[in-house]
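Should a chain be cited, it is by its letter among A, B, C and D, assigned in written order, with residues numbered from 1 in that chain.
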């Protein structure tokens, strides 16, 4: 409730400040409740920080005008049932000029049907699954590196350290993680790994003991998989509690969150494929540097940013850049600007595919691997371990 | 140690917690013929109750069960007067709806307070390792606590005056009233115990798995299965049925994907309902 | 004619209003609101056939909607069938399945039946979540190409809207028709006292199975249309236990057993939920408000809004029934 | 006269209790057959066996030339065998008229709703309840609820009517009215098989009487012979006042 009042307060402030300038409205839903709420809120903070930064600087300047940014956003309850109603509402009643996607691939797919119909640009973040971009959409632009890349990086890193490892895939049975694991399984076999166990678990699973018993029985030494925050953190805790003898654990999404350190010893050594890490040192052609973003974010939210937050902020930057290039908010012009975008920000390179069969798919961005390690003082920190060129620490293998 | 044995021991441990959760549902259902749909939200409150108490006191989580049971009894009495007393003996739909309404309110308030993010009770008891398998101390402690609470309840029902009154009312309310037992008071006490059991089981679950305010729903469904397997109004039977259900899960899970288990469980549930409407441990005659 | 059948004309007028309102200003936001209202009315009025007419509390009614969605989406987007044909086949398939399930679980009465319906819901959901052709937990996505035969996505959504309104009108007419038929009379007799009804000659086994199956048909058709419009389906949104329970809440709110009550309850509850969800101050409390409202209705006006209206204005009963 | 109902060696056991054991009898067309016996003799169980509420363990039941053994109550009604309940079971949420319409709709003629309405009004007139047609069934007095039971059964246009203690709980005036009604029913061509504890009434009404004790038939004879039957007298020994009544009635 407090948060809502705070947002209303911010909104009224931005109204007050912008009465002379024009405004653009960006619409999106946030999963304030439900299973996706941790990940979705981090993404939302990225959006919010971008808006406040832009407005503090006097808005987006394009074609000789300034546009202050305001948001129209609702709770989607982590459920696609109302997503279409809410996106339609934002487009028609709140007159949103541009849209950001909800969090997660499946909610995004539902929203995309509405946004395409109204020919509204939607930058998708937190939606790595590729199927949605292969349905013939014209106005959808993906900020995340696609799902296929997530675990291939981990397998490459493993190949370099232990080509004889036996691999188990344990993953959430949801659009995103299935889209990640299916190509990864094939890739693992291609690299010559022995995949000894693979099982998908239902979303919302909290008791992993049966699966863990099977992992132990399979004699796997490496576990890859996971899904989102809730299930991933639980899986890691229980792997630790059952003392499963694993040399490497790479889980999707969850370990990227700053909350991961709350797991204590169970957090140590877990690897996460990441869209962005605070240690990454991209030379930003546009917008803040990574360090500045991290500082501003920590100052505002009292927590380090996750890659969802960075993705959220970067969505704003890319949109802002495209509006500036287009010299206004005309959808066709901004879409054209996005099509020709090839820009490096603190978040890395962003470039969208313009091939008709996969229009909007992210082709510029790449995946990092980050690992939770104890630093010299014993504190838990997340280190970039892959690609080797950008590493901030060596991969710890085996974990213990 | 073989995988299936380890898996069955895990099943046995978690099964006793299912059993404890189902005992509350079974007691209420058996005594007053009310299917308590607040059950899930009370389990969730047990989880958050444990979370709050543990955060505040940082003492041994399993010792905190006692104050939580007291809270559960009080809460049970409140809910009884709010939503249950006036639906006893009314059509089944009335009691379903009135308890469901309370469930919605509790979930709604819980969502407003805690959102639906997962919470953890960071308390751990050292486990026991046999070969490559480790049974976590929390599972062992939770299962033992469940069995102890179940035994205490059984003693209460068999040995104390109040317990005997509850059994008499469950057996035949009209006859019990003729014998001078105040059925309203007995129903209230039984309901309060049912809620306290739900909260206790939620508190135990919170030491094993992360939870959200919505987590109770899954355990409520499991409680239905267990209650029906055991037969109504047989709280101790519910504990045994819970353990059996856990063992079944443990025994089949090495052979099939875990995601099939709900199908087996609820398929079994429907078949048992149709074939033995009085429960497997119930009397054979209709 | 109007005087003789006021409710039938009321239903047709309602459907006409639903068609006209969004069309007037081509108001798509209103259409999106109304389509959810229409779905709520479809679910509630068909649920009423079981709860209100026959006295059997079905906690898993949503299983029909979800299964219909799956069958319909599979036919329309994987096999590329015409949407209307796919939706109708979905309805028939789910009705046949319901008949088979019904013959089993309808041997149970009261609370046992209610529990069995929950069991069926969870078991079906678990099955679908493991069913490879339907995409397991991930579900199925509608390719944009599937909207092409209907003239593109934009037109397709309008077409599904009108179809849903048609299904809504059919649901209400069906409820009304059954209410005034001999079949309906038999159901009411079962609701009041099943054993007495059997002794009076009502074949309860067959009647219950038929109504269970009939109450599955239109929700399944609506499910096929709605998930086609939605663009994707997965087990957690198709078989949402909460939505199933909300159906019962809507029915109680309006007044079980009456056609007007089921429509009123569905419409009001859905509007209330939408309002609370999009109102920044109240969105976090929508469940609390809905729950408190339900408790009040059950406690103070067990006949629902319609029952309350009948008590206030007894004459209204003759008009509405 | 031809036999309308032939019951051959029918038995029913509940757990350890032999509720009905090897009972055989015949009911002639146009007859009023009384069924008496001490409490727990198995009278209502016998009714439940005849109309199919319970499945028989052994024996056969032939009604109107058809073997109806094992048929369900609703099928039996369609053949023309209707009954009332000892403990009244009105369909409480419905009006009196609707209750009777149900009887007509699902009775022997399986009437349409429109025809059933006409039948129901006619039957309500016949049982003297026309003025209460639109009252809710739950608002009736016991006497009217009993008549409603009879009306519903009559609306089925049965060939045979099973009446289970329709006089119990009624005052003398009401009993007289009901007896009158039962006679009229028989005169209209419907055979009657009735359980009754009001001895005076059953002795007067019945053409023949069947006596059950502990689930077994101990007599089947006209009223005058039944009261002289030593087995019957012995069965009622525990109830001397009833023996007196039996004697008095003859």
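By our rule, contacts are C-beta pairs under 8 Å (C-beta built on N, C-alpha and C of every residue); 3 or more make two chains touch, one makes a residue touch a chain.
Keep in mind that this is a model prediction, so the values were computed, not measured.
With centres defined as mean CA coordinates, subunit B is found 38 Å away from subunit A.
Per-chain CA centroids place subunit C at a distance of 44 Å from subunit D. Rounded to whole angstrom units, the spacing between the C-alpha centres of subunit A and subunit D is 77. Distance between chain centres (mean CA atoms), subunit B to subunit D: 49 Å. Contacts with at least two other chains are made by no residue of subunit D. In subunit A, the residues touching two or more other chains are 1, 32, 173, 200, 202. The set of subunit C residues touching two or more other chains comprises 129, 136-137, 284. Contact topology of the protein chains: irregular, matching none of line, ring, star or complete. Under the contact rule stated at the top, the pairs of chains that touch are A-B, A-C, B-C, C-D.
Looking at the complex, you find that subunit B touches subunit C at residues 29, 33, 35, 82-83, 86, 92-94, 96-98, 100-109, 111-112, 217, 221, 224-225, 228, 257, 259-263, 266-267, 269-270, 273-274, 277. Interface residues of subunit C facing subunit D in the complex, by the touch rule stated above, are 180-182, 185-186, 188-189, 191-193, 195-204.
Note for the complex: subunit A touches subunit B at residues 1, 32-35, 37-38, 78, 173, 199-202, 204-207, 209-211, 213-214, 216-217, 229-230, 233-234, 237, 241-243, 245, 262, 264. Subunit C contributes residues 27-29, 31-33, 36, 129, 136-139, 141-145, 153-154, 157, 229-232, 234, 236-237, 240, 243, 274, 277-278, 280-281, 283-284 to its touches with subunit A in the complex. Across the interface of their complex, subunit B is touched by residues 51, 57, 104-105, 107-108, 110-112, 114-116, 118-120, 122-123, 125-127, 129-130, 136-137, 241, 245, 248-249, 252, 256, 284-292, 294-295, 298-299, 302 of subunit C.
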